[in-house]
Amino acid sequence: MTALALWARRYGALIRNAWLIDLQYRAAIVLWVLWGVVEPAIALGIWWAIAGAGPVGGYSRADFARYFFALTLVNQLTLAWDSWYLDRWIREGELNFRLARPLHPMHEAIADNLAYKGRTGGTILVLWLLVAALWPTVRLAFDAERWALVGLAVALAAAMRFLISFTTGLLAFWTTRATAIMELHAGVSLFLAGRVAPLALLPPVVAGAAAFLWFPYMLAFPVDLLTGAVQSGGALARGFAGQIVWLLLWLLACRVAWRRGIRRYGAVGG
Amino acid sequence: MHFWGMADAAAILADRLSKVFRVKVRAPGLRGAVQALVRPRYRAVRAVDDVSFRVAPGEIVAFLGPNGAGKTTTLKMLTGLLFPTSGRAAVAGYMPWTGGSAFKRRIALVLGNRQQLVWDLPAEETFRLNRVIYDVPEADYRARLDELVELLDLGGVVDKPVRQLSLGERMKCELAAALLHQPSILFLDEPTLGLDVTAQEAIRHFLRAYRDRHGATILLTSHYMQDVTALASRVLIISHGRLLYDGALDALVARVARTKRLELVLGDGVTREALAAFGSVLDFQFPNAVLEVPREAAAATSARMLAALAVVDLSITDPPIEEVIQRVFALGAAPPAAGEAP
Amino acid sequence: MSARRAPRWLRVLGALGRVNAAEELQYRANFVASGLGTLFALGTALLTLLLFFRHTVRLGGWGFWEVVVLLGVFTSLSGVVEAVLRPGIGQLAEEVRSGELDLVLARPVDAQAFVSFRRLDLWRLTDVALGLVVAGYALVRLGRPPAPLAVVAFLVALASAGVVVYALWVALMSLAFWFVAVENISVLFDALFEGARYPVTAYPGALRVVFVYLVPIAWTTTVPAAALTGRLGPATALGAAGVGGLALVLARLLWRAALRQYTGGGG
């Protein structure tokens, strides 16, 4: 059996496992998805009120609606929770049996993400379609080429957010406050990744600072690509370049954190 | 019971294994907390101290010791979760810490917290997952699963969600999950802990049967005596990180136990005082009594007693193994640096 | 209920409070951590408001400092939830799962009160103080000190807000019995309560109606803040008290229905 077929079978089994577990927790997942909808819905509500007098920073009411719907979908497809359960694995001894078997624990985490996002992303998409049937404002023009690019951007963003979450979780090898660091990151990303408002509405200094970090590539770029706010070749190229560069940097950080972390784990136990 | 007959190729080899942890020393109170932050001080805890032993293929060996003795730490070093501070270990020909996937396929580890089964799904799902993780061919998987279900009496259990199973059933499923890839060496950490007597016996019976069929090497840690007497051919007694004894259990008893017990069923008219003339009376509930006498004098004392008193029944036994072990611990109980394994 | 029942009920609560306080005093590090967490949440909320007000002067007719008063009220109420209500939910979830809840229900204390208040995280009450400080500072910046009557109205409205929050919590717990997903009511509550961060007038009409009459979070933050800043007259306090009482009664009815279904149906 070729290596590719072998890995396909492994991921098939891991994803199936994660999918079945999610099935057991569907009530909880419904609520988490609800939370994922409520946050942008409230932000939209406020911007809707503000933009009642006229467009704000180039965004009309309709623009805000499309932005936040796109944000809800892209966020659901890219968010990552791994720092929480990696932290728990490390602190409560659940990492041990995973290390004793011939599968890197990261694959289990990736499969878990894929199953969860497939399920919840699909739900959000269906919801969006339903709303779009009744409310023309949130409809997007069908454009196969752009949507293919959106798919790529979302995949890159999801991979990066996964690595950020995983690496932060690995900090549990050294500190008990790994989840606090993740929450700090989430708090910052509220602004710098565009969850509270499109980046164009931030004070220029802040938006400028954000451009030097990975935050816009987590959410804002794929969202703008989806809504059509990013069209031109220049912005497109810059966006993808930023995604790839930061993905590679976080991949490096993850590998370093894992190597060092396992070394430390082997020295001081867990 | 040695299936491979290669006397020199040890399945498990521990050569002067040591593990020293640096633990932060912290004085109590606020000042101590500040000091721990600014100028941290450490002391060395020797969790495992110069432990050497070998286990031949197909042996069942028990690691016995009180909590914190270093059993689990040694186990972790043998399975590659911890690396030794000094000394070396070789398991199935690999160095555990660097063994990688090839090493991990040859062993199985079932730890104390027993959380390897996916909690919300039937055990069957964990089995399927393990099959893929260890790349077990379908035909082998079916055959092994059937055998394990039969040996462990798991019919009707593997398709119920794990959270609905009793502790004993869960442990059996954990074992099944660990053996699907037919490891040559099985490491078990407290496998019978917390189980009721029936489940404990079932597990012990299974482990013996499995070893007999497949020649697997089994190293288990325990603080239950019955695990040792019923299962292991050899016992390694560890306390405060040091190996106090390595060998068969009856030899240990003979060497360390200095007394014998006389269990008596007495006839009419025998009083406690009359009995006390022959040895120290441990228990007296007419007509039963237990007397303790020096080992060498056991036979002679019995003869005298039978002649002098109305004894209906008499049997000579060893003191309970727990007591023997306690003596071993007490004898080896002066550690060079105070500390127990974290 | 006889007159003698109240003191015993209070005594039980008192005993619980003492036990919890002794435990919690040991967790000083956690206190600092959760305090920092609240400050961080407050910080991001303020930054969010600053961002909104960068592009507008009024939000639902409210000025910046008025909304900050509301944020203070929100923080205080959240503190009450964290201190009193949320700590018990994990235990309740476990008891429903394991079936121990039947034992709890068999006790001679009122089950609703018992499961609601048995675990307290008293350190989180500092959030309440923090919220009031924020509200007070915003009032100062508004330059319109409230009349004494307005303060009284505010306190009444705030107490009623606490009752409404509690009633919402009990209603959600009751629903959870039907769905046996008790530990998730925390998430559900947060999702619902999130809308209380902003004045209800900022939302479009239909949503406003929901937040006033159906899921009455408007009465939790908007009304007390409006009473304090003088937007609403002191008579509102009476309305708030009425809503609080009604919410509590409805929630208790729902709770009892859920319990009947739970015990009657065999769990």
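In order of appearance the chains are A, B and C, and numbering begins at 1 in each one.
Keep this in mind: a residue touches a chain if its C-beta (ideal position, glycine included) is under 8 Å from a C-beta of that chain, and two chains touch if they have at least 3 such contacts.
The shown structure was predicted, so the numbers you read here are calculated from the model rather than taken from an experiment.
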> Looking at C-alpha means, what's the farthest chain from chain A?
Replying inline: B
> Among all chains, which one's averaged Cα position is nearest the averaged Cα position of every protein chain shown?
Replying inline: A
> Between chain B and chain C, what is the gap in Å from one C-alpha centre to the other?
Replying inline: 53
> Cα centroid separation between chain A and chain C, in whole Å?
Replying inline: 31
> With chain centres defined as C-alpha means, what is the inter-centre distance between chain A and chain B in Å?
Replying inline: 46
> Considering the complex alone, what residue numbers of chain A touch chain B?
Replying inline: 6, 9-10, 12-14, 17, 20-21, 24-25, 92-94, 96-97, 99-103, 265-270
> Mind pulling up the chain A residues that touch chain C in the complex?
Replying inline: 27-28, 31-32, 34-35, 38-39, 42, 45-50, 53, 56-57, 177, 180, 183-184, 187, 190-191, 196-197, 201-203
>> Residue numbers of chain B touching chain A in their complex, please.
In response: 21-22, 73, 76, 79-83, 97, 100-102, 104-105, 107-111, 113, 115-116, 118, 120-121, 125, 128-135, 342
> Mind pulling up the chain C residues that touch chain A in the complex?
Replying inline: 33, 37, 40-41, 44, 47-48, 51-52, 54-56, 59-60, 179-181, 183-184, 187-188, 190-192, 194-195, 197-198, 202-204, 207
